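Lettered A, B, C, D, E and F in written order, each chain numbered from 1.
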Amino acid sequence: MTHIKREDGRENFEKRPVKITRNYTMYAEGSVLIEVGNTKVICTASVNEKVPPFLKNQGKGWITAEYSMLPRATDERNMREAAKGKLTGRTMEIQRLIGRALRASIDLEKLGERTITVDCDVIQADGGTRTASITGGYIALSLAMERLVRMGTLKENPLTSNIAAISVGIVNGVPMLDLKYTEDSSAEVDMNVIMNCKGEFVEVQGTGEESTYTREELNKMLELAEKGIKELIEVQEQEIREEFSL
Amino acid sequence: MTHIKREDGRENFEKRPVKITRNYTMYAEGSVLIEVGNTKVICTASVNEKVPPFLKNQGKGWITAEYSMLPRATDERNMREAAKGKLTGRTMEIQRLIGRALRASIDLEKLGERTITVDCDVIQADGGTRTASITGGYIALSLAMERLVRMGTLKENPLTSNIAAISVGIVNGVPMLDLKYTEDSSAEVDMNVIMNCKGEFVEVQGTGEESTYTREELNKMLELAEKGIKELIEVQEQEIREEFSL
Amino acid sequence: MTHIKREDGRENFEKRPVKITRNYTMYAEGSVLIEVGNTKVICTASVNEKVPPFLKNQGKGWITAEYSMLPRATDERNMREAAKGKLTGRTMEIQRLIGRALRASIDLEKLGERTITVDCDVIQADGGTRTASITGGYIALSLAMERLVRMGTLKENPLTSNIAAISVGIVNGVPMLDLKYTEDSSAEVDMNVIMNCKGEFVEVQGTGEESTYTREELNKMLELAEKGIKELIEVQEQEIREEFSL
Amino acid sequence: MTHIKREDGRENFEKRPVKITRNYTMYAEGSVLIEVGNTKVICTASVNEKVPPFLKNQGKGWITAEYSMLPRATDERNMREAAKGKLTGRTMEIQRLIGRALRASIDLEKLGERTITVDCDVIQADGGTRTASITGGYIALSLAMERLVRMGTLKENPLTSNIAAISVGIVNGVPMLDLKYTEDSSAEVDMNVIMNCKGEFVEVQGTGEESTYTREELNKMLELAEKGIKELIEVQEQEIREEFSL
Amino acid sequence: MTHIKREDGRENFEKRPVKITRNYTMYAEGSVLIEVGNTKVICTASVNEKVPPFLKNQGKGWITAEYSMLPRATDERNMREAAKGKLTGRTMEIQRLIGRALRASIDLEKLGERTITVDCDVIQADGGTRTASITGGYIALSLAMERLVRMGTLKENPLTSNIAAISVGIVNGVPMLDLKYTEDSSAEVDMNVIMNCKGEFVEVQGTGEESTYTREELNKMLELAEKGIKELIEVQEQEIREEFSL
Amino acid sequence: MTHIKREDGRENFEKRPVKITRNYTMYAEGSVLIEVGNTKVICTASVNEKVPPFLKNQGKGWITAEYSMLPRATDERNMREAAKGKLTGRTMEIQRLIGRALRASIDLEKLGERTITVDCDVIQADGGTRTASITGGYIALSLAMERLVRMGTLKENPLTSNIAAISVGIVNGVPMLDLKYTEDSSAEVDMNVIMNCKGEFVEVQGTGEESTYTREELNKMLELAEKGIKELIEVQEQEIREEFSL
């Protein structure tokens, strides 16, 4: 791996600083503001004592996610999807990904017949908004679950393992961890990796952007991702411990 | 006017504390987070060097506004308008109101052929989100305009007078300033007042909620609103002075 | 108040002639054609023995309104909202206003669990279509209510007070009653006032059109509106008396 | 043909009385209210000095039609298509039919590069709304065309032959002319016939409603239709003569 | 009738060759690929043990149809209706026609409370797609019905008579049977005829394309159609016999 | 790797039989029917001499893809997206994936300012529809490109390397190649792999379905995929050689 200083001075294997503000909004059962470098996402977990029709009377719950960006979260203002009258393919893809990821962290039977909606609203975007949404969304979900336990709604915390996510990529031939926007937009390969605290994969999505990658490059990217996710999971656990004085 | 202590200890003629965080996001030409009590709105002003078709080649600019609430800005989660595929009547009414209000603060000819979009995204709602959007939106607009002047894009600041807005209402027969959500939802009359720094009205909207009000009550509400708006305009001016060390 | 002859010869304090054709269509429980000068609106009140979901099992009824213009009700043909696939913000704002206004005229508990939909379809538009819709809509509602009483569906007429509406504005610095289209489109201030037969306000909406107005001007406009609404309520009462030989 | 008295006393071969109110609205280049028995349709012809993209620069004009019913034009209130956000199949089918029919009455090259939109808005529906729309729409179109000639916009009237339409059907085994709603809804066969003043067919649409019909029945229905259309064309010509004192 | 050789060598009274591939797809209760010359349509009949709301608890079933074209079924690629977000008027008109036609072939009471959806997806279009959909749709329906009988779901086959459809038209003044696309697009008159095996009409739709036709021409077209439909019904019966070794 | 006989008798490392019918439809510049076991997809490549707005005047072309399933391509009939009025998230995700994959096979500059739309319409679905769409879509694209070369529209074939795709997964703990529907729906992990003829990855998407997978399992799945794709690319090359007698 060549040694190249990145625009913000990071090494290739370094992720950006992560900051969590717990209980960022006052109504949601769980909420955080997650900041990953300049990327900022409000994640809230909302509990609803119902399940979608396809799960009725099965004794199981559901986790779903929604994702959106404020119109000026980016350098150029984007039209609102509400004004367009429909979600873009990108939004749908991302919110399906977040939901799938978070469902891998929980025992849906222990959750019981309720739905948790994790809303991820990007306030400011500088690359990695979907992975920040997953990492922050897990904390919001975790705050909500622990609260349901303390309120007596749940007998037992249904979470089974932390889930976190990070991006990796190949920029100018060099594998790099946690791409910021300028890196991401010039990357030959862009990969999002979601793992749990046991070091298992929940999802790997690696895309050549009008380009391709070899098995060796794939391996290098996965190694960077594993390292980054391990660090993110430590942050998550620290926050949850602090919140509940565990 | 009867003397009744309000839920949060305010007098009837007292508005809630207002806090402005300037430059809340990094991309917009102007941006603030405005907090009015527990109501929090991100207001950004985005400059676009185009005008809508109906204004083409008239040497005039345009101000438009968009308004939205995060799904869990409220006690119960609301479905996203992007997911519904259309804006509600309430949203359209509010964003038309904000746009009209802000257009009354500016000389559109001096703005030249450009459009300013003021986005008001409610992070947390506790009553008065539309009036907070106008008060905060004006500051975002003002930051953007002064910057265009300093960058040389504009020769002269096109703003002609500050605009601020506040709600008043009648709750249990008593006129009150700046209703929080619990007050608003039990009010007999709900009025939004928008004024400029010269003490003139830009818009008055007073609605009996399955109720009515007399001319005398209307007058009392307008007096409360005038007092509140004067205070809000002082806050606005203080922020703008600080930003530009005027 | 300066003395200026208006385009159609009216004094500033004069409203346009109003003509009501009762039972204009044959299926609706109540229907009128209201003509205010050249503005013509068909108002029908339709009774449905159901309430919207948010009112189920509360022993209360509901009044809702819908508003539309025929495409060639105006000088230039407008595209149909059905063809666009959505209601404009203007339409939503107006139909919400009409519904709110009419709900202030009735005891919803006495109405019982039924919904009245008041449809206001503008056949020809020459200013003041929303206020004509409210004034005419009230008569259609009133015809329907009295009929339900006579048919024995209702024990008692649930209407509590007449509601009528009129526009006022400031044109070339002069406050004027009941603006026709050419006046409205050049007005500095446009205000819609809705009152009941007791002289109380149901709604006041006064908007500076890229302009502002003083407290004194507000007062003058409200006086004109009060006078106009008193006259409209006499017309309404006359029509209802004639219909039912009261 | 069996002799059966119809609900409203008509013979099988009798159409309902037709009443035309010319210039029913004040803005459209041509407008009528057509009443066929209790069916009432406002037809307006609006001229636009543009053609749709597929006809650009071909020296030809276009006629298009739109059709709608007021929500309470019928015995039960129908939801507005604008509120549903889309046109029903029935509406699309009808407005395509009206447009096709009217295009058969005109020389589109003589019309020049302009579009005439014929709006047919049903105020009250008692069967035969699509055929009344065509018959009335032709008069509105004709008033508009003659006016364009008199204003000097057109050198020559581009209309080539009157077009009118009527329904026929088989009710309880008996062929009948001009079905009213109660007849139409119990008809075994429902046929709409559009012809010109030369006795030629523009369109024939005959539908068995969960039923079928023989060649002989088809012939009988066509004879009734021919008779009815001849009478309608006389009404049209009378109206046009009166309007222009021809 | 003048004698003119057609582009593909057919006589005016000759239909194109018809080929049926039964059980073209493996999931549907009934399915065929119908090829009429170069026009190819996949028709499937899907059984659902429910009825639409307007038929609930009436002991009757329902037949409905949907029609679509693959984007490149035609010479120029057409945008998908799913991408446009709505069905075109043409599609709605066609699928309503197919549904009506097939309902005339069946005793809906004997079908019982179930819905059959006949999907007609045009793989390749060379004129006559709607009539091929009806002719092929009937076979798919028939395969499904016979299967429900053999499975014991139905006691008795509810079909009452074969239904088939064909187009006729007038091209360069000459009546012709079964128009291919190049003929159809230059036809003065275009007529679709749907008949049953008893020689009765289910539907006749004859349209002058900016043209008209006489009674005599109508008669000639109907004769051609009768001949063509008789041949199509033989094909249908042959296929059904082969399938069930009747 | 445990040895388990699969439902259809295949070994874990065996893909299903693949059958290509070239020139399946007559209008598209390139078209095939691809059958992978019981999965059948019509792939057409349509050439348009325009590019989307974001590519205007850059001397580059574009490849885009659309994906759809016939309603009865599956065991239970699915509602059409055109009837729902919008694409599902699944469809959008798949068509974005196909487009990205095919763009990795071509030099967009050599394509010149034209757009190729690859339509993938699933006639019958038995697992692996998205990978079959990519594998078949590449052949359709390739037929179209070679034809443009032979017609002289392109100087040089812009394709740079074959692209094919296959699914792998873990079913009951066992990695398997090319899952059919019953396998896919019970898989713990589902992975789609897209590679080129040089053995490089274009895209890897591996998803734990409420489950996770280890690095070792990931490696095994990638090996199976590489083997399968090598075989698919041989099929592709054979077809292209036969078509053009290369």
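Here is the rule we use: contacts are C-beta pairs under 8 Å (C-beta built on N, C-alpha and C of every residue); 3 or more make two chains touch, one makes a residue touch a chain.
Since we're looking at a predicted model, the values are computed, not measured.
Of all residue numbers that take part in the contact between chain A and chain F, over half occur on both sides, making this a same-residue interface. One simple way to say how far apart two chains are is to compare their mean CA positions; for chain B and chain D this gives 52 Å.
Inter-chain spacing, taken between the CA centroids of chain D and chain E, is 29 Å. Distance between chain centres (mean CA atoms), chain A to chain B: 33 Å. Residue positions 85-87 of chain C each touch two or more of the other chains.
If touching chains are joined by edges, the resulting network of the protein chains shown is one closed cycle, each chain touching exactly two neighbours. Neighbouring chains touch in a ring; in the direction leading from chain D to chain E, they appear as D, E, F, A, B, C.
Listed in rising order, the residues of chain A touching chain B in the complex are 25-28, 31, 38, 42, 44, 46, 48, 66, 68, 70-75, 77, 80-87, 91, 117, 119, 121, 123-124. Looking at the complex, you find that chain D touches chain E at residues 86-90, 92-93, 95-96, 100, 103-104, 108, 196, 198-208, 210-215, 218, 222.
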